[in-house]
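Heads up, the next two complexes both have subunit A, just with different partners, subunit B and then subunit C.
This part shows the complex of A and B:
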């Protein structure tokens, strides 16, 4: 039972980090990136391959010669997710430069679909890279198999760190610039905002978060293959951000828990249909799609809508607390 | 003819041309805008006024010619860098940020906000909060001037057309511009507020802001502008005071009728 809960918590943390990242680039900046799960997958591969090694796992030793160009590093824990985030940032920089100025355009969005399909096919077909459709396996647990609870706390820590960064950014003048660019890029540019540089910076940062999320997950599930990052997975993250509330970080985390974790688990409790055994697992995509469309129709701002700036937060705490005390004193009069 | 020394000229366009397909929208257009003036740009529809304004703002790159601003060649400079130097344009159609509040729209216009970099936003919170406190007071004063203060926490997308125009103007002032490019600033605003806009623009001139205004309403031009340039078929035909322009037989033949 406790293992089941650990599983849910770690999935929630990983998907939560990824949704926070997508919220930065799509919810706040308005960049449409349908290759988002590619960055998540890259992070999982890198995180896994950095940790894979001869000492930790005998299976990996035999596999290690066959994929990742023979890469077998067996490095200690935090290096996996850090390398993953770095790799995600690098890939984002390359993809961003390829898309150049069309990071928002319809063409740019279509191009991300193409990039995803190319990468997916290559990862599956070119076995020396990441062992093709068989994928990688035997990734050692970061703190050993008996210390899963410790890893749960570490995953929660990664989520907390991501949340703090995302929240600090979106509540700052930089966040306002991101939203202005989302709302009206030409007007933002005419007000002196460098739209390409801003979109690019957010693109790199948020895709690095996706890669981190992948690394957080793979250290727990210990295996990774193209089956884990099919195209619909991107839509799960989009759905999480839309349902949770575009532009709201708490909403993104909530959406990740509802769409990415709770819905997936709920579907498993449906009675199996003997005539169509694959229908129930597939229902997850169907329900996700229907819910997303319903939200776009009836509640496009999501469960937790984007918040207006609280200007009082500009005041130092001493002033804010002072105002509270003054308010308390003046009331009885 | 005007005889302006180079220091008096904030914007100098020489031989600017731009065509779309077979249409020569702007051809060999030259214009010098004096520092501290409100210069009107008038002319019949299709004369190329908006295209010319767009080449100055940077949204359209001219195929020939040279534009200098404050003595610097800006012909090929990106839009956002022009804006950072104080060359701000407004749009013919609404350019508000709909899902930002009125006050957020205003604050988005700040030019040197220390919180508008990732590093600044995350690690210099005290610095940008101090900066924003000062600018917030300024933004609120401007909203009072523009009669938008009661709407400050409303989403800009919920404003009326006229209120959006006012917000756009207020936002442009918030950037602390040196030269404002205004594309029909009084269209869609009721007469009372129109007078208010004119007042604000005249007040800005007193504060040293130069304006280049495209405007069809000649009464507004007369009230507002000290110099008027008449554009016909892609280039400036005549330049002078409104009185001079109205007497000029070429202008009468080509535009005023």
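This part shows the complex of A and C:
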């Protein structure tokens, strides 16, 4: 039972980090990236391969013969997620530089679909890279198998760190610049905001968060293969951001818990039909898609709508506190 | 020299793929031209055509050609429904092109898994009458199935050309592509004409799905989604919004991917399309559409 709860918490943390990242690029900056789960998957592969090593000698050896970077590194824990985030940032920089100005429009979004599909096909068919459709397995638990609870806390810590970064960014002047670019790129450009540089920076940061989320997940599930990151998988994160509330970090985390974890668990309570074992997982996707469309039509701002910035919230905290005290003292006589 | 023989032997297969890809790409760019929406659910329309034809012949005991015809019309109707009930309302409401595109993405996930929920995850085959060779010229051999596929594609293209050029409907469609609000002001029922354009493109996608099923032999729920991999570069190459461009793009991508798989191995079949696509982005970062020829070339 406790293992079941650990599983839920770690899935919630991983999906929460990824949804926070997607919220930064889609919800706040207005960049549409249908290859988002590619970065998640890259993080999972890198995180897994960095940790894979001598303590799992038989598995690592058998894998090492099959794929080129099946390194026997077996590096200590925090290096896996960090390497994953770095790899995600690098790939995002390459993709962003190739798409250039198209990062803002629907053609760039279509190109990300093509990039995802090609990367997926290659990961599956070119075995030396990541062992094809068999994937990698036997990734050791970071703190040993008996210390799962410790890892749960670490995962929550990664989520907290990501939330702090996302919240700090979206409440800063930089966050206002991101919103301005989302709402009206031409006006923002006319005011001298560097549109492409801002989009690129957010693109790199948020995709690094996706890679981090993948690494957080893979250290727990201990195996990763192309079946875990098919094309519709990106919809889960989009759905989480849309249901939770575009532009609201808390909403993104809430959406990840509802769509990524709660819906998946709720579907398991449906009566299983032995004759059709794939019916229930298929229904889960149908429900996710329908919920997304319904939210987009009836409640496009999501469960927790983005808060409107007012003048007071623009003031630094010191001024706001001071203004409160001043306001109390200097009431009109 | 041996490679040359392989090229010629593969010519038949490559031209079938070019025909299928041409149909799908024209459907994709027609939808974009009239609705300004990049339809990510197009792959699922292809898949559904294959499943409808399979269901018609397997469970409805219809002859294959009749099941295929019904499947094509049904996909056309589905395409109209997709536009009328989802894409058009969302496009009317939002100024950004992103929301309708996310809707098509959600629809593609729903349809893909709805097919799995109804028909199960297993792949299927459609039994076709004649698989013997029709034409043989040295290494070049064309089976009856391949011949029928190519013929279907050519007939569909010619029909589309006639509709666009010779009928009032085609004229109205071209007017909408040029300037939607002006067309409405001139008394064209833009919503109805857009629906009809989606019906035509749905039928094209249906034919493409059937042709794809015939050429690959087996189908499953990923039949169309995986084909999106070739549709997107072909549409980009052709310069979205031009019919001849779409056809040329399809031919280039089909032959390039086929020959690169002979030269470098089958994994690289998918890479060439992406390389061409990224090249376009590098040469013309604003996208092909920025070209002045952004018109649906049906005639003057």
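Simple rule for what comes next: the second predicted complex is superposed on the first by the 301 of 333 C-alpha atoms of A that agree within 3 Å, B and C clash if a C-alpha of one lies under 4 Å from a C-alpha of the other, contacts with A are read in each partner's own complex, and residues count from 1 in each chain.
In this text, a contact is a pair of C-beta atoms (placed from the backbone, for glycine too) under 8 Å apart; a residue touches a chain by one contact, two chains touch by 3 or more.
The structure displayed is predicted, hence computed values, not measured ones.
By the touch criterion stated above, A:205 is placed in contact with subunit B alone, subunit C being left untouched.
Within the superposed three-chain model, A:195 lies in touch with subunit B and out of touch with subunit C [touch as defined at top].
By the touch criterion stated above, A:232 is placed in contact with subunit C alone, subunit B being left untouched. Number of subunit A residues touched is higher for C, counting subunit B against subunit C. Of the two partner chains placed by superposition, only subunit C is touched by A:279; subunit B is not. Of the two partner chains placed by the overlay, neither subunit B nor subunit C lies in contact with A:307.
Interface residues of subunit A, counted against subunit C in their complex, comprise 30, 32, 34, 98-102, 105-107, 109-111, 113-115, 117-118, 121-122, 125-126, 231-232, 234-235, 238-239, 242, 276, 278-279, 281-283, 285-286, 288-290, 292-293, 296-297, 300.
Contacts from subunit C toward subunit A in the complex involve residues 38, 40, 86, 89-90, 96-99, 101-103, 105-110, 112-114, 116-117, 120-121, 225-226, 228-229, 232-233, 236, 240, 266-267, 270-271, 273-274, 277-278, 281-282, 285-289. Taken in their complex, subunit B has these residues touching subunit A: 57, 59, 78-81, 83-84, 88-91, 95-101, 103-104, 107-111, 113-118, 120-122, 125-126, 128-129, 132-133, 136, 153, 171, 175. Residue ranges of subunit A in contact with subunit B, taken from their complex: 165, 168-169, 172-177, 179-180, 183-184, 186-195, 201, 205, 247, 306, 308-309, 311, 314-316.
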